[in-house]
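Two complexes follow with chain A in common, the first pairing it with chain B and the second with chain C.
Up next is the complex of A and B:
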């Protein structure tokens, strides 16, 4: 039972990342009708905004220590970050909290990137077939990925979570399990709650603000909203920026879960696209529900018991294909997805 | 009187025959003119460096390329000579190989077997490379080794750790300086027993490809031989990025050791997840839970950050070694690039020197002559102590380093510390050992 509970937690945690990326992906499809294959790259750029901040905070004053030698036998360089030199313990706190602090930079940077991407490139493809949109956005994703690799290298960049959130919580005792049987990392719990807050924020923004009401109206009937004299294109451009910010913040916070690497966006992109398809193209609740659902299914499929059961009957384990298997079944049985609009993807 | 007539049909036939002759790749025609594939005829000899320049192992590939460039400089008499000054063989004089200046071409393996074969083939056919070397993956090494065997050139493997490279997939034209999964296990097991005792339950997470399988088989056998019990072995896809769902079941499995048969990004992510789940702070069966990473690299340890502290593993070579060869190489590489070399850089540098030396001793670039010179060759001064290139499987035998993530690193490079140098005799095995069984070395192919 404790193993199942753990995998549910894992699934919700994995699903958080899927849901956050899929939310932006489906938001862009729902508003602009564009299949944005560069969305994973936005997740990756968000992560590297956090990396950049960590590198900036690590810029150090260098003093040569003649008593210690480096690997070539020269005096060793002793580095002290300037933020610690200037601000003392506050500087140490800034370095410790680099990942959460990076959100302050990530949000505006990602909104700008999103708006520039939409105005500079993607708007030229609105009236082109989806295949063209996929090709250009996928090409853009590759370019962005390679640029990040040029600047940060191909190896993972180590990032540390704040000391307060390092380690794991014995969450099982809250639910009646034996002590030590259900342990879960603090930062993964933080990530789950962060995802819940962001998803709640986006839904509230669309539901309870005038801007959100106009966007929803535009998603339902763009032409009519335009005829009412509302500049719906401008609002959709802003929504593209919001979607980029959601992906970017998801990426920045994810650096505490896994060490960021240049191809992390691609790793998530295809999975998130499948999540959108399963949830229903353009359906925000569908994307979120499918994200968590597929995350949980993937976690269960990774359990040794499940893998062994498949191997016992001569089949390969399904942990890496479960998501695609579900997508195939959904597309066959309900082409519009779990919560998709009637008619979308059904013709 | 001649009856020679030119008609349309005859002209077309002749044109087709001549055209086909002109268009035929030189690799098929060279054998008639040259004694072996890509026999150097001018003042230069071309080596082909096939390394990952893009993809997940591009940093490792870049380090290999730096070492290759350094080796070429040294062979041509430039720079400080590096390990040529400490190499026990004195054949290399800094005047190229057999008096020919060494030039090189590079290919990008992308860490994909098909791409690696394509780039190796291009270097052989278009650039006239007489030897191919490099790589950071066993799958790639095995694929390129097979190609070189068919093409009739020597393959000096780079970073490849699977038993299969010199086991069931060994080839007469292929040579490996790097150690393998069996050797890692044979070196690690006694240290693990000394540190953690003989009553341990190990849970293995294994990358689902040739290297992972042979590494797991080796470390499981070696640890079981010292009394450990293998609780489970879970294969993880090479493409996995989040290992939390594989780590979580470890918590209640009864295991008190987690063995991560992962490399590169897999290792960084699985180790990070394991540490996040508090495994290192956990007590199981009254014992401290431990994590083991059988194959380490410094570049990988850097990616894993503080998570590597205190964790045991093995490595082929480390820049902190104090023998004359290692010091000379670190000095030479460090002066050129500003940081110490990785084990990948070391092994490819050694392979280049070993190839050049074999050419000198054989007095030819003929792959069969070189193979004969390398088989059974004993040497020293290249950083691993006395080393033997075994003739029956083309595997190098030398001391193996057991390393541990350093608790208090003094620099960004100072991540691993050598805790034991396992003597060569302890990691040697018979050529027909079951883990290396199957396949045959075959006979050398010079392409003629």
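Up next is the complex of A and C:
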């Protein structure tokens, strides 16, 4: 029982990332009708905004201390990051909380990147076939990924979570399991709550604001909204920026879960597409639900017990491919996905 | 009425050009057997993909999986049966065909974007299967390699101390059978390239036949208006599935040939970026045209090999004509795109081609041709009059 509970928790953080990326994908798809293959790259860029911030904060002033010698006999170099020198303990706090602080940067940067991307490139592809849209965003994804590789190298960059949230929480005792049976890192819990807040925020933004109402109306019938004298294109452009920001913040926070590396976007992209298709193209709740569902399923398949059970009947373990298998089965049984409408984007 | 080149003439010209590759490519420095073989192999791969994407418009993002399956099948033939490439190629085509039948049967239940995503998911699944899940069959991360203690039941052991090389009924693939000096270039004619070239010409011939057949017409109708076909009472599924399987078999053949060139099969061949590169080849050359995919494949392979060899020193030598700051500036601009940065060039090229030249090189060439002959002006005049 506790093992199952642990796997559900383990699935939640990956599921959160899937759900956030899939949410952005669906948002772009529902408003602009474009399949954005560069969405994984946006996730990755968000992560590297956090990396950049941590590098900037770590820029240090080097002072030679003649009293102390290092092992070569030269004066020891004492490095103090400038932020600590300028702000004292507030500077230390800033370095400690790099990842959450990076959200302040990520959101405006990602909105700008999203708007530039839509106005500069994707706008020209609305009237082109879907294949062209896929191809051009695919090309963009490669370019962005390679640029990041040039600047940050191909190695994974280690990132520190804030001290308060390092370590793990014995979450099992809350639910009446034996102490030590369900241990869960704090940061993953933070990530899950963060995802919940973002998802809730996007939904309430669409549901309870006038802007959101107009966007939803535009998703339902773009032409009529346009005829009513509303500049729907501009609103959709902003929604593209919002979707980019969702992906970017998801990436920035994910640096605390896994070390960011230049190909992380591509790794998540394929799975996020599967999530979108399983959830039902164009359905926001479907994307979120499918994201969590597939994340949890994946972690169940990697349970030692399940692996052993498969080996016992002579099958290799399927944790690497379970998501794809489930996607195939769902598409065979229910082609429009879990919550999708019939005939969306079928040509 | 548009004039079309006689098919027989087209195939003849194509064959002559391909067979004369070692001679034609000598001045470009691309005439070494290894690269030419790659030209031919990826040409076959692209021709196959074009039958699916160019004719039906179904954009598959998973064809690299079939290439990989072909490679693995050929490798197992080399390990178990014989180093003769003939059975290996037949098996790789067959296995890739069966594999694509399975994947196509499921993926083709959907169209448009769903199809692309499904094939992408399948390709990624195959990659994961090959990389980790099916390690006993694929040797996982290391890749499948020849070993001295493989059974190879049909082969007689000649030299027990070294790994055998691939051959076609005794003709060794790597053997250079003619090494003349023509016009100051040292030319190399080897069996491997001519086997690939012969298969490329055969593939091209099949593709021409398919393009001109009623079957090809039906595939084009699918691209133009599938709904209308359905309302006419025609089920398009068998046609698209046939196209998918044919293109999968071509990919399997290409994969098998890659294994004959260098007896090694790894999972990285199946990664979805490899599928993306294939799509680029076809789009760059001109999808839906006969000669375009081969052009695109040669173009990409050529620039891949050329750009990968350039490093900072070569760049400095190139740009040394100006003052030093200009040299450094030019080098720092160009450097990310060459050598290790081939992928960046590829992505940028992808975007440029899709944005500005959706018809590919063939379309671009035709436009230039019309501009030179003044066909456009004449047509405009004719419209005015």
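The rule is short, and it goes like this: the second predicted complex is superposed on the first by the 330 of 347 C-alpha atoms of A that agree within 3 Å, B and C clash if a C-alpha of one lies under 4 Å from a C-alpha of the other, contacts with A are read in each partner's own complex, and residues count from 1 in each chain.
Throughout what follows, a contact is a pair of C-beta atoms (placed from the backbone, for glycine too) under 8 Å apart; a residue touches a chain by one contact, two chains touch by 3 or more.
Since this is a predicted model, take the numbers as computed values, not measurements.
**Student:** Touching A:200, do we find chain B (first), chain C (second), both, or neither?
**Tutor:** So A:200 meets neither chain B nor chain C here.
**Student:** After lining up the shared chain so the two structures overlap, which partner does A:320 touch, if you call chain B first and chain C second: first, second, both or neither?
**Tutor:** Both partners, chain B and chain C.
**Student:** With both complexes overlaid on chain A, does A:131 touch chain B (first), chain C (second), both or neither?
**Tutor:** second
**Student:** Based on the superposed arrangement, let me know which partner A:261 touches: chain B (first), chain C (second), both, or neither?
**Tutor:** first
**Student:** Is A:304 touching the first partner chain B, the second partner chain C, both, or neither of them?
**Tutor:** first
**Student:** Examine A:142 and indicate which partner it touches, taking first as chain B and second as chain C; both and neither are also allowed.
**Tutor:** The second partner, chain C, only.
**Student:** Under the stated touch criterion, which partner chain does A:160 make contact with: chain B (first), chain C (second), both, or neither?
**Tutor:** first
**Student:** Counting only touches as set out at the top, which of chain B and chain C does A:88 meet: first, second, both, neither?
**Tutor:** neither
**Student:** Would you tell me the residues on chain A in contact with chain B in one complex that are also in contact with chain C in the other?
**Tutor:** 317, 320.
**Student:** Provide the residue numbers of chain A that touch chain C in the complex, in ascending order.
**Tutor:** 35, 121, 124, 128-132, 134-136, 138-143, 145-147, 150, 266, 270, 273-274, 276-277, 281, 316-318, 320-321, 324-325, 327-328, 331-332, 335, 345-347
**Student:** Which of the residues in chain C come into contact with chain A in the complex?
**Tutor:** These residues of chain C touch chain A: 53, 57, 59, 61, 106, 109-114, 116-118, 120-122, 124-125, 128-129, 131-135, 226, 272-273, 276, 279-280, 283, 336, 341, 343-344, 346-351, 354-355, 358.
**Student:** Can you list the chain B residues touching chain A in their complex?
**Tutor:** Those residues of chain B that touch chain A are 54-60, 232, 234-235, 237, 239-242, 244-246, 248-249, 251-252, 265, 268-269, 272-273, 276-278, 281-282, 299-300, 302-306, 319-320, 330-331, 334-335, 339-340, 410-411, 413.
**Student:** Per the contact definition, I'd like the list of chain A residues that touch chain B in the complex.
**Tutor:** The touching residues are 2-3, 6-7, 9-11, 13-14, 68, 70-72, 76, 149, 153-160, 167-168, 180-185, 187-188, 257-259, 261, 263-264, 267, 298-299, 302-304, 307, 317, 319-320.
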